[in-house]
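Structures for review follow.
In the two assemblies presented below, chain A is common to both, partnered first by chain B and then by chain C.
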Partner chain A sequence: MAGSHSDPLAHPEVRQGSAVRYIAGFISTVVLMGAALVVTMRHGLDYQSLVEVVGGLAALALLSQAALFYGLDISRAQIWKGVSLILTVPLFIITVGLTVWMFQSLDQRTMVMPASNAAASQPTLLQ
Partner chain B sequence: MAHDTAPTANTRLFRPGYEGHNQISARTLGFWLYMLSDALLFTALFAAYAVLDTPMNAAGGPIASQIVNPVEGFWQTIAILGSVTSYSLATVAMKNGNRGGTALGIVAAIALAVVFLAFGVNDLTTLAAHGDGMDRSGYLSAYFVLILTHAIHMGIGILWMLVMLVQIPRYGFNEMVVARMLNLRMFWQFQATVWVCVYVYVYMIGA
Partner chain C sequence: MQLQVPGPWSLLLGRLTLDQIPYTNPILQVTFAVAALIGLVIVGAVLYYKKVGYLWREWLTTVDHKKIGVMYIIVGLVMLFRGFADGLLIRTQQVLANGPHAAGYIGATHGFLPPFHFDQVYSAHGTIMILFAATPILTGFQNIVVPLQIGARDMAFPYMNAVSLWLTTAAAVLVMISLFVGDFSQAGWVGLIPLTELPYSPGVGVDYWMWAIQISSVGTTLNAINMIVTIVDMRAPGMTWFRMPVFSWTTLSTNIIGLTAFPVLGVALALLGADRYLGTHFFTAGMGGNLMLYTNLFWIWGHPEVYFLILPTFGVLSEVIPAFSQKPLFGYVTMVAATFAIAGISWLVWLHHFFTMGAGPDINGFFSVATMLVGIPTGVKVFNWMFTLYRGRITYTVPMLWAMFGLFLLLVGGLTGMMLAIPAINYTVHDSVFVIAHFHCMVLMVVCAGFAGVTYWFPKLFGFKLNECWGKAFFWTFAVGTVTVFTAMFALGFEGETRRLDWTFNTAWKPMLVVEEVGMIIYVLSLALFAVMLVVSIRDRNKQKLAADPWETSRTLEWLTPTPIPFYNYAVTPQVNTRDELAWRRKYGMEHTKPDAYEDIHMPSNSGLPVILGALAGIWGFAMIWRIWWLAAISLLGVVLIVIIRSFDKNAGYHLQPAEIEAMERDLSIGAITAEQPDRSHHIITHAEAH
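Coming up: the complex of A and B.
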């Protein structure tokens, strides 16, 4: 087993670094965000579709970062990072999802907005 | 694993130098777990932003579409991703034992991070100068806190890089320096991940 007196540069965490992977991570994220920017600036989609398309592109960007930047895979050196991330993702979804759901429900049941204000509003996740 | 002695109050969870432990593995996994909890901090801020991003909470002040500029945000995206790639390439130079290349990558990463922060600070100070500071409305409070929390993380990353620029020539690539370089790589890549979420959610969906 690699002890603490072995060459630190021989550690798998160091060896996994790869210039090609990092540059690919840069290019893939920039391209995906560029595509999302084009979709946003065209203003051709309704709010719901914009959230879905841009959110989907963001999800792809995050996946490419997980694989290309962080180097997550199922090797022995990396498996626990992937497992802990997968176990944490539901917490992200629950935190944002439940909060929005609760306040959306509260908003619909309690807030009666005057017509003049409603006309000036913009769509948000809550409405 | 067999233990010769029962654990006592003085038993250490982790003993540096013990052959059966690998310091770098333990430290990178520990730091990764810290980052997941840091991600939950941002998740809470996103949840608050989602709730406060309504015309009612703008309290007569500006709403998202009036203060965000997706094109400018794209330049910020390129700057931060360039910084992350530059630092990551510095760790590839470290892998090859190249101290000069490592330092060069870190310096370039700092420069691009400063460009990124200059855009953000300019946005926030311009808003505040027009009376739309973080105390103007609930919406602006959520906006400022989200952007500033990320900016503070970036500032800490820059400070950390400056420390590494001193430690690499001083100590060389010993176990301690390598472990810090690897943790900083995760931390720095994490800033780009958070920014992708901020950019898409605040700058694009809000536009």
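Coming up: the complex of A and C.
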């Protein structure tokens, strides 16, 4: 830290950046997100496969951004990036996990169910 | 792919037409006249005293964390005043429009505000108070105090700090413009869905709300990054983690919350924007959309945001209470642990804002328990403050009075919060004014700590104290006003008054509504006293010359700097020896020690780019609101150009030479010789002569 204070270009994070990485990151992001948009707009897939395909594309976009923009790698110089990313994992699990749980429960309790599986589900106010 | 919007649209002006300017509304006529008058006086004064150059060089282009902090607080106080005016309108409307026979004035059926206007007033009140008053004031404190407390020269990224300020200011300006051009959202500060969708809010109100929040939240996120890096990386030698003052700890935790939570808000508003501008269906009731998804995303940000506000407040109390009890803070380590516990739990409780959604007993139970858990670390904090006060040598200065009243409000707000955490009670009082009274206790605690902080740190920054007598008058009227308004509001909540009523239909509510209005009048009086306090203090500023620690009992590092603080903060980076560094140095008679030699100081250069960038962001927001596509494109291009220009800027700041620093330090101590505290000045004389 001490040596790099007067010369910002000496930071390992700054040295890591390159035009090729940024352009590659930009193109891969646009392509992956565009693909997700096209898949959604075409309505060609059933619900389950749509979720899987869009989820897969999102994961790929996330990976390419983390590697190409954010410069995530396992080198010693980038350890703070790894640590800060890992620290966000619990938040990701909490927000997405609890949201899935609450909407799952909400769906079961408030949506009218077909008679065939009504017996297997929790009682709702509608019954 | 432009969506059809109702009303005219032209290529040149978008949706903007002359009809959109509400010049026929008498309330807005008066507001405009007052605003124009204040504006003219300010601009006139700047021109008359030939201060345009000074304003540009010293303030608008500054990257100094202290000046940026001061400007944050000024923006916050202006918006606080605006938000208060909205609050006054709400209270007055509700007391005038009570019962079926309530008279109507200036075009309203009951009271003086038609529903269309009233809805905008409460939406603006909430949005402004949370995002444009409380947040900037607290951010301002963090900007001013944290670098000083940890012994740093400035923030880690001074340029980005200025960018954050001007983005926040641009957003605040957009909210103000909505008064006179178009209208503001009628969907509450939370953006009640699906009311914010285009078919139900076809005007520009929701767009004003949405883009203003979006722009300011970018500023807040950048500021959070800046704060975290500053605290992690810029601490003075010896300032280990567990020597760091509690305010810096709370700033760290609050900005971790800010950094992780604000992007969620950004996403929620961007998806809403996609619905309104592109015709998607993220939050509509049909076409695969889900209304509650918006509410969910909003509160995933919204609840951590509450702690984003409250944690720095706790930090201020943790500085003020020990200083005026003349004792170290009780339970420092538990205080830090409690801070992070609250920050952690803040992510687990958001569903309590919509218990009534119907997610079921398991989920409501989980979030109810999680919410109550917040009470444990908060209780730890309250007891720590209590034990700090216990057998302390308490002086009831103005900051201490604010802190004590803040504690009282925390207790009332916290206990009613525990009640609301119980789903059964929550179902009963959901959307009643009981909830409003609860969270106003909490946010008024933020305001109390804000005024505690203003009066506490003011002399450090400006070199003179705020008048103690008028300060106390301001405090007592404010405190009495608060208790009067919100005691009555709790009662009205139990009487079944729901929130956001433009017409209070039940005549049984009348007595308590009148009590609330009386409280508002006391508030108005307190505001007048605040103004008097400022005027008297500024008038008498030369009557007092203050030493480094004007309160004489402060404990932390920031009070080691000369008063007022020079722009380079510390002539020599301090070596920190212990927690409560100043108290330790005072004990061993080392508070006035001068360094043997000075080294040159690397300072960042001022830059005009942040203020231009803020202005362009504001223009971009305005263009998006009114759908003036060419203007939006040009201003966005301008923003990109500014970023590119900046990245090629080779200006790496400048160096202050040791001789210059020595001369400035000598001038500062000569200023202190004329102080009315001879013994302290004597010290300074001998040391100044010795070096």
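Simple rule for what comes next: the second predicted complex is superposed on the first by the 99 of 127 C-alpha atoms of A that agree within 3 Å, B and C clash if a C-alpha of one lies under 4 Å from a C-alpha of the other, contacts with A are read in each partner's own complex, and residues count from 1 in each chain.
Just so it is clear, contacts are C-beta pairs under 8 Å (C-beta built on N, C-alpha and C of every residue); 3 or more make two chains touch, one makes a residue touch a chain.
Just so we're clear, the structure is a prediction, and the values are computed from it rather than from any experiment.
Of the two partner chains placed by the overlay, only chain C lies in contact with A:Arg109; chain B stays clear of it. In the superposition on chain A, A:Trp101 contacts chain C only, with no contact to chain B.
By the touch criterion defined above, A:Gly17 lies against chain B but remains apart from chain C after alignment on the C-alpha atoms of chain A.
When chain B and chain C are set side by side, the one touching more residues of chain A is B. Looking at the shared chain after the overlay, A:Thr88 reaches both chain B and chain C. In the superposition on chain A, A:Ala58 makes contact with chain B only, not with chain C.
Judged by the touch definition given at the top, the superposed model places A:Val30 against chain B, while chain C stays out of reach. In the superposed model, A:Gln48 lies in contact with neither chain B nor chain C. Under the contact criterion defined above, the residues of chain A that touch both chain B in one complex and chain C in the other are 1, 5, 8, 88, 91, 95, 99, 103, 122.
Chain A contributes residues 1-5, 8-9, 11, 13-15, 17-19, 22-23, 25-26, 29-30, 33-34, 36-37, 40-41, 50-51, 54-55, 57-58, 61-62, 65, 69-70, 77, 80-81, 84-85, 88, 91-92, 95-96, 99-100, 103, 107, 111, 113, 117, 120-122, 124-127 to its touches with chain B in the complex. Every residue of chain B that touches chain A in the complex is listed here, in rising order: 16-25, 28-29, 32-33, 36, 39-40, 43-44, 46-48, 50-51, 53-56, 63-65, 70-71, 74, 77-78, 81-82, 84-85, 88-89, 91-92, 94-95, 97, 173-175, 178-179, 182, 185-186, 189, 192-193, 196-197, 199-201, 204-207.
For chain C in complex with chain A, the residues that touch the partner chain are 233, 260, 264, 290, 292-293, 296, 300, 347-348, 351, 357-360, 362-363, 366, 602, 652. On chain A, the positions that touch chain C within their shared complex are 1, 5-8, 88, 91, 94-95, 98-99, 101-103, 105-106, 108-110, 122.
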